[in-house]
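Here chain A shows up in two complexes: once beside chain B, once beside chain C.
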Partner chain A sequence: MSRQRRNLILQWLAFFAGIGVVVAFLALTVEWSSLHRLFFDWAVFKDQFPNMITEGIRNTLVYTSIGFGGGLVFGLIAALMRRSSVPPARAAALAYVDVMRSLPALLVILIIGFGLPLAFGENLPSWANSNFAAGGFALAMVAGAYMAETIRAGLEAVPKGQTEAARSLGMKSGQTTVTIVLPQAFRIIIPPLTNEFILLLKDSSLISVLGIVVGQRELTTIGRQVSNSSGNYTPLIAAALCYICVTLPLTFLVRRLERRANAGSR
Partner chain B sequence: MRSVSVRISAVILASGLVLSACGDSKTDTATATATATESWSSSKTLKICSDIPYEPMEYGDGSEATPSGYTGFDIDLVQKIADDAKLKLSVSVTPFDGIFGALNAKKCDAIVSSVSINDERKKNYGLTEGYYDSGQSLLVRKADADTYKTLPDLAGKNIGVQTGTTGEDYTKANLPAGATITSLADAPALFAALESKKIDAVLQDLPVNLFRATKNDQVTVSEKIDTKEQYAMATRKDDAATLKLLGDGIAKAKSDGSYDTIFEKYFGKKP
Partner chain C sequence: MSVAPTPVPTVQAIDIRALTKCFGQNEVLKGIDFTVAAREVVCVIGPSGSGKSTLLRCVNRLEEPTSGEILIQGIDICDENTDLNDVRRRIGMVFQQFNLFPHLTTLANVMVAQRKVLKRSTDEAEQVARVQLEKVGLSEKADSYPSKLSGGQQQRVAIARALAMDPEIMLFDEATSALDPELVGDVLAVMHDLATGGMTMMVVTHEMHFARQVADRVVFMADGYVVESGPPEQLLEAPTQARTQQFLRQVENR
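This part shows the complex of A and B:
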């Protein structure tokens, strides 16, 4: 047997030994009956549907989309401002990005959700005080800061020659950015932006700190409310599965897009 | 001047997206809060903030067979007030430690969530007359019932309270020597912490602890502390219309007997 082969067999054996130890440990220590009853009760699980989908997934996606759409706009503006020739514009964009990236999303949601109505009082229309608007805006502010950096990286990844070529053909600076640089930049940053969407999807659960009405609840809130009122944790497992069902296809998509982007540039 | 036109187009794009976001949110919030100064006319929506679950005062998972989706003594009472005034009731489930912030931020018109009257709240908010006589109490594991008979017995132990409540204030003011306070966000978290021995006692409102003891025979109420607390519904200080609506509603429920009916439904006896 060659040394390489022996090594490989040893690695396999070590892997199975490790798994065996973990399984044995869990089998002996976990109280399976109560775990099964409290977390994996099939009857309770079935009860969660279709509400978990029609209300939970729907609202999770709505909050996330508002946050993502808004974040894309804030991010794009901030990224372009960071490339501006006006120093205060660069400084303002940098301040926004640095401040927002150093705050927890929960804190931003609390400050914006409770701060906006207090700051604007009667001038704030009531729809703007809803969780969709205020919570979505807070998410967008956070996401925008991260996306600004992603978009900026994308803009910088477009070869300078592209800009120079466009300019030498007589295109204006703004026109060059919009028609030549941005489309290429976005092709590069679609995978990291999808990752941002996934992160945002999970942050949307934080909006519930603002108080939440039936019909506006997202996955985590429904799971918590039902499990709080029934004393059974199965609804949390149901909510977890829903997140996985939404997120996993997206992660596969990101991987595919990344592969394709790499293949295209080769 | 390099990217001015880009920035302008970005702004236009931004406003477009913001507007479309508004379109999204309208569907669910068209019935949102009426402004504070308006008086209540029928077919409006009375929005209340409530920290759910707080059994038996307010609980449910949003799918109860009631108009609001939630139930409990407080909810039934405010539902009756809304019904009489021909208002729709909408319940916003809000953590208690942020509930007054939510009221100030106009997330709701009133708090109906077992709010005990105290001087600070009286100063800062509109409070109805007390509609329920409550008090504090000590919930302990049954095995400890003889050891922790009163609050001073918990010297050096770990006492659980809910953040932002009068129970928390009381515990801080009467803390036994060497005892620590664990503040948790809601009642279910307190019960879970007590049963898993992370804390040795729960100090909170009497009806909620009593109800828990009837549902779970592993725990018991060892001390009732008569703090002469009463529950009231709370509004913003400047919102006289909502305060009047709720105050008149409570008075009417007491005079027409519906208060007694609701009371008996949740506490098994007449008040």
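This part shows the complex of A and C:
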């Protein structure tokens, strides 16, 4: 008991000593004044609002929603194709999932984001020839590959007896999937899907490489553009704060959903 | 390919001929001939691994037969022109693990296939469902989810779900094997009523008492063969085959 206590005290002492060393190091070496001026300029910070919210958060959510909704559709199709009895369908789905997951998301966004408007630019209606369409589609393509695996895992987690019971009642294969298997699969994968949403929300920052027009800019794009034009990095800090305000509550939500899912299975 | 069937005065409800089933190298059914007449109750008994569940699952082709013929009311269910879903909806099936749909209420469990397969209206399906739940004594559980029911109650809902499709044949795959002993009676009572009412039934079971009371005929299977078959009093009291005698001795000693 006393030995444990002594160990604990020693650990705390080591912890504070370590922090002291780091603080001393930073205090002596960092140029606090320029850091403060360039990253934490209150006047510049205030100037970012409300635009950082009305354009930035709004559009981050728009890109994320398009990417998530589209990804869900692509993922569902790919997951169902991978369970198909038709070999070419399985192969096509596998190719999509494996290729997309082996590529950096940034590269996919560059290729699709620049390629799509070039390929169809003249023939597309204006709503489809926007940053929203190109960026959202690129995000959906990437997200769909990851979601396909999540959805497939969910489909496989539904016991085989469920399908057998439905088929024994005379339900067709498609009816069984839609009314019996999918609802159960989605209940299982709500926590991981919410996680995918958070990851996608952060990945939506990657579309800032596409040269987004004013009005369609999301958080990171605004942060970068304003920083570049003003020579002050405070807008990046403002954008970071906005991300945290959106993602942290979602992270808590996932943790709660997971806890409830675990409790339910017992 | 199929030769004109030899004229039989009455078409069997289930008519299985020279059925084999392999899982990989493992031959589970080794040439089964097996019939159930209309309104007949046939209990299939035998040690575990004898192939009795596999045989039952072949009847609605949940298990794909390796070779042989399966005729349901004279219709070859392995023929590619046969509408398998239509055959299946006329064969009710009850599973050892109940297999209720956990995301649907009891009532919705009994309604869903009526809506999707028989295209009944919501009102009609609900009416039928309530009648069937009443019959198995679970009217008051209509709005409960399966997870809130005991095993015995779940199995009775599963029976109601099958009966709501107006089946002409009922299959029971060890329907009471997963139940606590005190819950077995309620389920057997429902099955007993069904048999008395003239339902055609194929029952894979370990309940010798039930077989003796309810079955018109008992079939004993072992090692992928039908060893012996006969009226319950004969097969259970005075079996002619050594393998049957051995099995019944083991069951009695338990």
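We take it that the second predicted complex is superposed on the first by the 253 of 266 C-alpha atoms of A that agree within 3 Å, B and C clash if a C-alpha of one lies under 4 Å from a C-alpha of the other, contacts with A are read in each partner's own complex, and residues count from 1 in each chain.
By definition in this document, contacts are C-beta pairs under 8 Å (C-beta built on N, C-alpha and C of every residue); 3 or more make two chains touch, one makes a residue touch a chain.
Everything numeric here is computed off the predicted structure, so don't read it as measured data.
Asks: Identify the partner contact of A:184: answer first if only chain B is touched, second if only chain C is, both if each is, neither if none is.
Replies: In the superposed model, A:184 contacts chain C only, not chain B.
Asks: Of the two partner chains, chain B (first) and chain C (second), which one does A:110 touch, if any: first, second, both, or neither?
Replies: Only chain B; A:110 stays clear of chain C.
Asks: Could you say whether A:194 touches chain B, chain C, both of them, or neither, answering first, second, both or neither?
Replies: Neither partner.
Asks: Quick one: is A:226 in contact with chain B, with chain C, with both, or with neither? Answer first, second, both or neither.
Replies: A:226: touches chain B, not chain C.
Asks: Per the contact definition in the header, classify A:247: touching chain B only (first), chain C only (second), both, or neither.
Replies: A:247: touches no partner chain.
Asks: Looking at the overlay, what does A:162 touch: chain B (first), chain C (second), both, or neither?
Replies: second
Asks: Looking at chain A, which partner touches more of its residues: chain C or chain B?
Replies: B
Asks: Once the shared chain is lined up, is A:172 touching chain B (first), chain C (second), both, or neither of them?
Replies: In the superposed model, A:172 contacts both chain B and chain C.
Asks: Between chain B and chain C, which residues of chain A are contacted by each of them?
Replies: Overlap of chain B and chain C footprints on chain A: residues 172, 175.
Asks: Where on chain A does chain C make contact in their complex?
Replies: Per the stated touch rule, the residues are 159, 161-162, 164-172, 175, 179-180, 183-184, 187.
Asks: Applying the document's contact rule, which stretches of chain A touch chain B when the two form their complex?
Replies: Touch list, chain A to chain B: 51, 62, 65-66, 69-70, 72-74, 76-77, 80-81, 83-85, 110, 113-118, 122, 126-127, 129-130, 132-133, 136, 172-175, 177-178, 208-217, 221-222, 225-226, 228-231.
Asks: Would you pull the chain B residues touching chain A in the complex into a rising list?
Replies: 1-7, 9-11, 13-14, 17-18, 20-22, 24-26, 28-30, 32-33, 35, 47, 49, 52-53, 59-63, 68-70, 90-95, 98-99, 101-102, 104-108, 186, 188
Asks: Quick check on the complex: what are the chain C residues that touch chain A?
Replies: 60, 62, 85-86, 88-93, 95, 97, 99-103, 112-113, 116-117, 158, 161-162, 165
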